[in-house]
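As structure tokens, here come the structures.
One chain, subunit A, appears in both complexes that follow, with subunit B as partner in the first and subunit C in the second.
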Partner chain A sequence: MNKIASYFLLFFGLMMLGGLWGCKTDSPKKPNPPSTNLAEARLELARNMANGLIIPAYEQLSQRANELEVAVGAFTRNPDAASLLAAREGLKAAWLQWQSAAMYLFGPAENVVLRQSLATYPANEEKIEQNIASGSYILGSLDNQAAVGFPALDYLLNGLGDEAQVLAAYTTDSLADGRRTYLQDLSAEISAKVNASLQGWLAAGDNYVAEFTDPSAGGTDLGSALGLLVNSIDLHFQRFVRDGKVAIPAGIRSAGVPRPKTIEARYGGYAVELLRASLQAYHRLFLGIDANGLDGMGLYDYLLLLEAEQLANDMKNQYESLQAAAEQLGDSMEEEIDQHPERLEALFVDMQKIVVWIKSDMASVMGITLTNQDNDGD
Partner chain B sequence: MNHKWILTSLLAVAVLLAACKKDPEPPQPGKISIEAGNSAPLEGPRGSNVDIPLSLLAEDGIQSLEVRVNGGPSESIAVNSGATQQSLTYTFSIPPSTILNTTFTLEFALTDANSITQTLSVEIRTSPLIEEPETYAFERNGQSTVSYTGQTQRMDMLALIKQNLLSEADKGNPITEQALLDAFENTNGNGGGLFPFSTTKQLKNKTFQPDLDERLFEDLFARAAAASLAASSGTQAANGTAGLLTREDKGSTILVDENGREFTQLIEKGLMGAVFYNQIFNVYLSDARTGDEVENVALVEDKNYTPMEHHWDEAFGYWGVPVDFTSPWPQDRADEDRFWGHYSNVVDNVKNGRLGTNKAIMHAFRKGRTAIVNYDLDGKNAQKDVLYEQLELVAAAVAVHYLNLGLKFLNEGKTGETFHVMSEAWAFTNALRYSPRRKLSLTQIAEIMESDLGANGNFWNVTPAGLNKAKNTLVLAYPALAEVKDDL
Partner chain C sequence: MTGIEAIHKALHKAIHAQVPVAPLAVFRALFGLIMLVSIIRFAAMGWIEELYLQPTFFFPYEGFEWVRPPGAAGMYALFVLMGVSALLLMLGWHYRLAAVSFFLSFTYVELIDKSYYLNHYYFISLVALLLIFLPAHTAFSLDAWRRPALRRQRVPAWCINAIKLQLGMVYVFAGIAKLNPHWLVEAMPLKLWLPAHSHLPLIGAVLEWEITAYAFSWAGALYDLFVVFFLLHVRSRPWAYGAVLLFHFTTALLFQIGMFPYIMCLATLIFFSPVFHQRIIDATGRLLSLPASLLKKPQAGHATGLRLPAWAGRVQHYGLAAFFVLFFALQLLLPFRYLLYEGPLFWTEQGYRFSWRVMLMEKAGFANFQVYDSRTGRSEQVANYTYLTPVQEKMMSTQPDMMLQFAQYLKQVYEQKGFSQPQIRVESYVSLNGRRSRPYVRPNVNLLDIRPGQERMNWLMPYDDVTTKLTAHE
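What follows is the complex of A and B.
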């Protein structure tokens, strides 16, 4: 990738970070005198999660996805350097925003299999090329899970060579027509699934928010709001953050032999930014800091009510130090893997503490049964 | 002179006598009455004798007593002729072929020496022979009347086909088409050596006829055998290629066809539908076997059951449960239910027992069988309706259960687990075809199986939208599923 584009993406990424999260770092104000009624606290937690974090995350993601669709449309109608850049920016912005929604895989998102549809990587490039060549594909199908979503767009917008080669693939190449169509179809599919997830949550749509915050979902059983949330982050943090973003590409799961092809956004080169965004989102989720930076009822506050101060503060501190450690990484994951594997190894060990705290301590203090059958292997 | 006097005297006597006859005292007729000694309503089960104590009174002397049943011919009852009163017991035999609640009207007519008749009308109701027992146990003369060994043997056969053939294929070992056919046709009375028992029963001749016409299972056998051979030399499944797939959670492999469908589920669950449900729905609950005209008095030669009783028991036998099965079914007896009974239990206790299919179906089988013993045809037919409804509901509920799991595994990106549960969903949806009262049309069923579970009959094409569409179709057709649809 050329340097100007890299700098631009870096600049853009920093703007994103500043814009989205700049207002967050004030020391969180303590919640009002804590309710001793745990059931009420759980409902408050569900309301804050739904209205303060989850729905705003989908709203923003939906906007980014729509902007991406527009930018991709403009690019396919008139493929040139400027429209390509805009499409790439649109992809990155949406992908970064996805980090704030990715961990909430229940309800409407589960209905459209959002995570597997948006973020299965590495992309199956052979399958993508087959689809483009045949012109016949079912984008939402299981068989195409690795041929759609952000990673597929990464390949198609960033992974076909230098800028001239990418533009040629959409203009002079014999499959240019099919490739433009496929690119449009992918971005439309992302928009459709994200919008369906958002509509599923909204009171004006399928109103899942009512179900999630209803007193009948205020318990600690599997179908309760808390049960869904804790199970969801148990699986996601372990498999998609710790392993997907760090352990697998760094080779920690493969005898120390790195697997650079499994780096998230490997062509776009912003895997570290995605990692930072994800850790940031987890920190906010844990504390209950909503999209406007207001600190409401979070898992942290609920742990305090359960008189698990030690665990609450250990986890809070750990999320903070994870973020600090991620800030210390260079922006290129490939370089980190190559030159500073020990930093990733240390990050992995620190993430592992969170995994254990979620899995053993937090779930048992809260009385939540975990259903994730993944063998942790640690 | 002497003669004259004698004649005159005789005449006088005659006149006197004649005068006497001409002017008698008016006669007082003697009292007459007939009463039943039992004031409670009379009743008895079919085939039983009902005693009717009678008190007769006829001051002028009893002449005769007759009885007419339901206005039929009069029948005379022996009485002490000339006696003025008598107590006797008349015994009425309710014919064994009497339908429950049939009422007999007995009209007794007592006539006295003066030919004066008094009548008494007595009603006898046909009551139940037995009450519904707590378990599926029925006796006659102290001996059980329940038998369904043929059904149990066919379930054993299917279990052995899975255990010794299909499971081997799933592990990557080759199996032969002939071995599957031998088991299906019960070659040599022991499934070509697969069964450790000998029997004349077989699965094939009980299989749904249209499936046999289409060679549905024979084709699956041939394809499974070919795929197992390829898999045994390492062929992995892919879109368009039959082979092995790893189930991510379970850790074991399954053999799937070129469309991702697991042979074991298609064959095992397929035969559960095509044989067991088919036999219940289209044979044993049909009019030919348990209709109102079926013999229910005479016992089958050398057996302790009537044909109607036995056919009902054979339907029960195909359900695969212990005689005391109920809801909720204890975990420590989970290995006692088989096939359909097992799957009823899978959905029975969801959301604190909202569906309660174990109990509903068990109750219907018991109640229907009790009705047959009592010759309660309406009662029997009402339970048939319940069975059609509930058994079909189990298949639909299990299908929704596996569709939910399919969506879950799709979200987790686990292809092997997804295809496994989709194969289950496919086969349980297929089972809906076997009910003549199915709530989904054949077109709707085919739509789920061949399109919603992946366009062009290919699981690799499955989408979350397709799974949700299939689920919605089922929930709309079976409203009982609405409140548990996300909990199944």
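What follows is the complex of A and C.
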């Protein structure tokens, strides 16, 4: 027994010595360790995201959606040039605000399939017309996802011809009644889904905010606040910003053949503005700048605490140059695709860098697995 | 007595000595039980659907391209078969048949897609293969209850030692794999992974200390290297088993590694004495009020089972011996096959799998494939998510052999899209152990020109500082 015990002591001693030696060889060139502890920083990050960015984004979106519903109601009761304009502006304001909420795909938004219900495009015009003609539809159903939301409203408010033709479609056309009803149902559906997401987050509602900012969600595994956030922006930025807003319409995913029909808000013609709003929202998210413009704990700050200064600054600079590049684009995406495809390709390449850094560098230093599904590791 | 004689004698004893069957019987029952639990958990998580039914493309192992998911009904049937086999193993009912069908169904599923490779799945396949040849049903089983002729009190020692040797190899090779500068000098990847759990109550704060990562790295390496020897020794055994519990429960708490810790905690019980296992059998009997005839110790002496003609007995004897020698020799060699290839192993991963390299590095990457039409010169960038699930994409992005397989698949897809003689290049970046990402595959290489077994450093970017430069952050 003694012999065994002494072996154990020997190994334990070796282990401790090894630890000390390892520390000594590594530490001299490093700055002092951060005084803030990382667990507290992650909690602060979750609180800032929830209370400073996500909930305010839904609150404002909810307001815009309610205003849109009111404007659409006014238009359907009395379709004229002024009420049409108001409805169109209501749509644009809500759609722009959506860019600040779109990347949070988890939690209440996931429960009400918010993104698919609000922003599936291109809209399926045939399906919309069928729904109007038949008068029987379930807006929340899976096969109606391309017949609802902002893109469907874009078609119905901006895509039926010139102003006179649009007004005619809601007044003299044989299906005018059904079209007015459908328009109203769409805007009510948007309001309902947005409000449900907001209520899901609020402490007074289903209180998802408590779950999101609870210390037990303060790790980096898949169910943690940070894990959910980074998985969500990884997926959303790739598919719905890089590809949805740029690569697909520009033809980068179709052997260089442009696909102008896949432009976001193609009838309203403000795809570039939506892109700019989205890039700005991503920039703010990364830095942790809340709805009031206050700079709180963001991914950037957390990377600094992890002593990944170079990565943090590379990403910050990249978000800035993406925004600058989007400013350089003309206001019409259709013209950009037609006349300056190289500008969109350059933007795509720049976006790609962000994707690389999120997927490899950031995921590694944060210890996050970007698989969007839980799984056993090795 | 010379040293060689002593070794020969010890070896002879380890193989031929007659020892009580209880440890083997308990191992069989526990293995069946934990497999049944694992399979039910796997199904309950929705992973059958998610991992094997949703993907449109799978990454088969070389030589096993014929292994494919047999459709939705087939896949569920396969898991039912696997679950029933595990249950039968536990009960010791139609044991040989159950062992064969468990091994085949489990291994078939594992071979469908490399993306889901886990060392502990490999371990389960190996143990299941071993069980086919071991008389683990000759006690504490329905088979033995129903057919008294089958009952034995003793079995040759090799039947139990084979499992101990298998467990020993897992640990020792996992330990050897940790003897590298990343692990020992940099405390990577634990330096990245431990602080991610610093929100845990009590131990949380400690996990952020750098010294903790070093202590865990070194303790982990020493544990893996030596625990099995302490388990073998009767006096140190209780302490060593305490270390087993501490080690595996710590990993279960900190890492998402599913059932593996529990499987190992149960499997290592086999190192305990026959008396200990007989107590487990007796206690189980009392607990479940099993009929005494199921538990009754058979008559002393060892039944030899089936009476074979002398020549057949010899064939069986030497055949079995050859199988076991081959089985373990192969496992001894596989972990070292990486020495046949150039380049840092962590970068190329050539010879990485099937070597007990467990949780050894943090590697993440990105791969953007571009397909060219040789005739027209037009090209298209591939959206990986169109063809791959997030897990598959993540795994493929850091493993060169999977990139080649995906490129071959893309070739078919794009030929159907009308691309003539497509060429496929990939812009890829990999981050290793928290370093900044670097270009991975050489960007000018047409992946369709690369043979699967080809030396990877011929088509990957160099990564020369992996062992020389030891700073964690650039």
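Points to keep in mind about this one:
Note that the second predicted complex is superposed on the first by the 336 of 378 C-alpha atoms of A that agree within 3 Å, B and C clash if a C-alpha of one lies under 4 Å from a C-alpha of the other, contacts with A are read in each partner's own complex, and residues count from 1 in each chain.
Going forward, a contact is a pair of C-beta atoms (placed from the backbone, for glycine too) under 8 Å apart; a residue touches a chain by one contact, two chains touch by 3 or more.
The structure displayed is predicted, hence computed values, not measured ones.
Of the two partner chains placed by superposition, only subunit C is touched by A:311; subunit B is not. Put simply, more of the residues of subunit A are touched by C, taking subunit B and subunit C as the two choices. In the superposition on chain A, contact of A:223 is made with subunit B only, not with subunit C. Of the two partner chains, neither subunit B nor subunit C is touched by A:87. By the touch criterion stated above, A:263 is placed in contact with neither subunit B nor subunit C. In the superposed model, A:111 makes contact with subunit B only, not with subunit C.
In the superposition on chain A, A:254 makes contact with subunit C only, while subunit B stays out of contact range.
Common to the subunit B and subunit C interfaces on subunit A are residues 235, 373.
For subunit A in complex with subunit C, the touching residues are 1, 4, 7-8, 11, 14-16, 18-20, 22-23, 25-27, 29, 33, 37-39, 42-43, 215-216, 218-222, 235, 238-239, 243, 247, 252-256, 306-308, 310-311, 352, 355-357, 359-361, 363-378. Of all the residues in subunit B, the ones that touch subunit A in their complex are 239, 249, 407-408, 410-413, 415, 418, 454-455, 459-465, 468, 486-487. The part of subunit C that touches subunit A in the complex is made up of residues 45, 47, 50, 116-120, 184-187, 192-193, 195-200, 204-205, 208, 210-211, 214-215, 217-219, 222, 226, 230, 233, 235-236, 239, 255-260, 358-359, 362-366, 368, 373, 378-381, 383, 385, 389-391, 394, 397, 419, 429-434, 436-437, 470-474. In the complex of the two chains, the subunit A residues touching subunit B come out as 105, 110-113, 115-117, 120, 138, 140-143, 145, 223, 235, 373.
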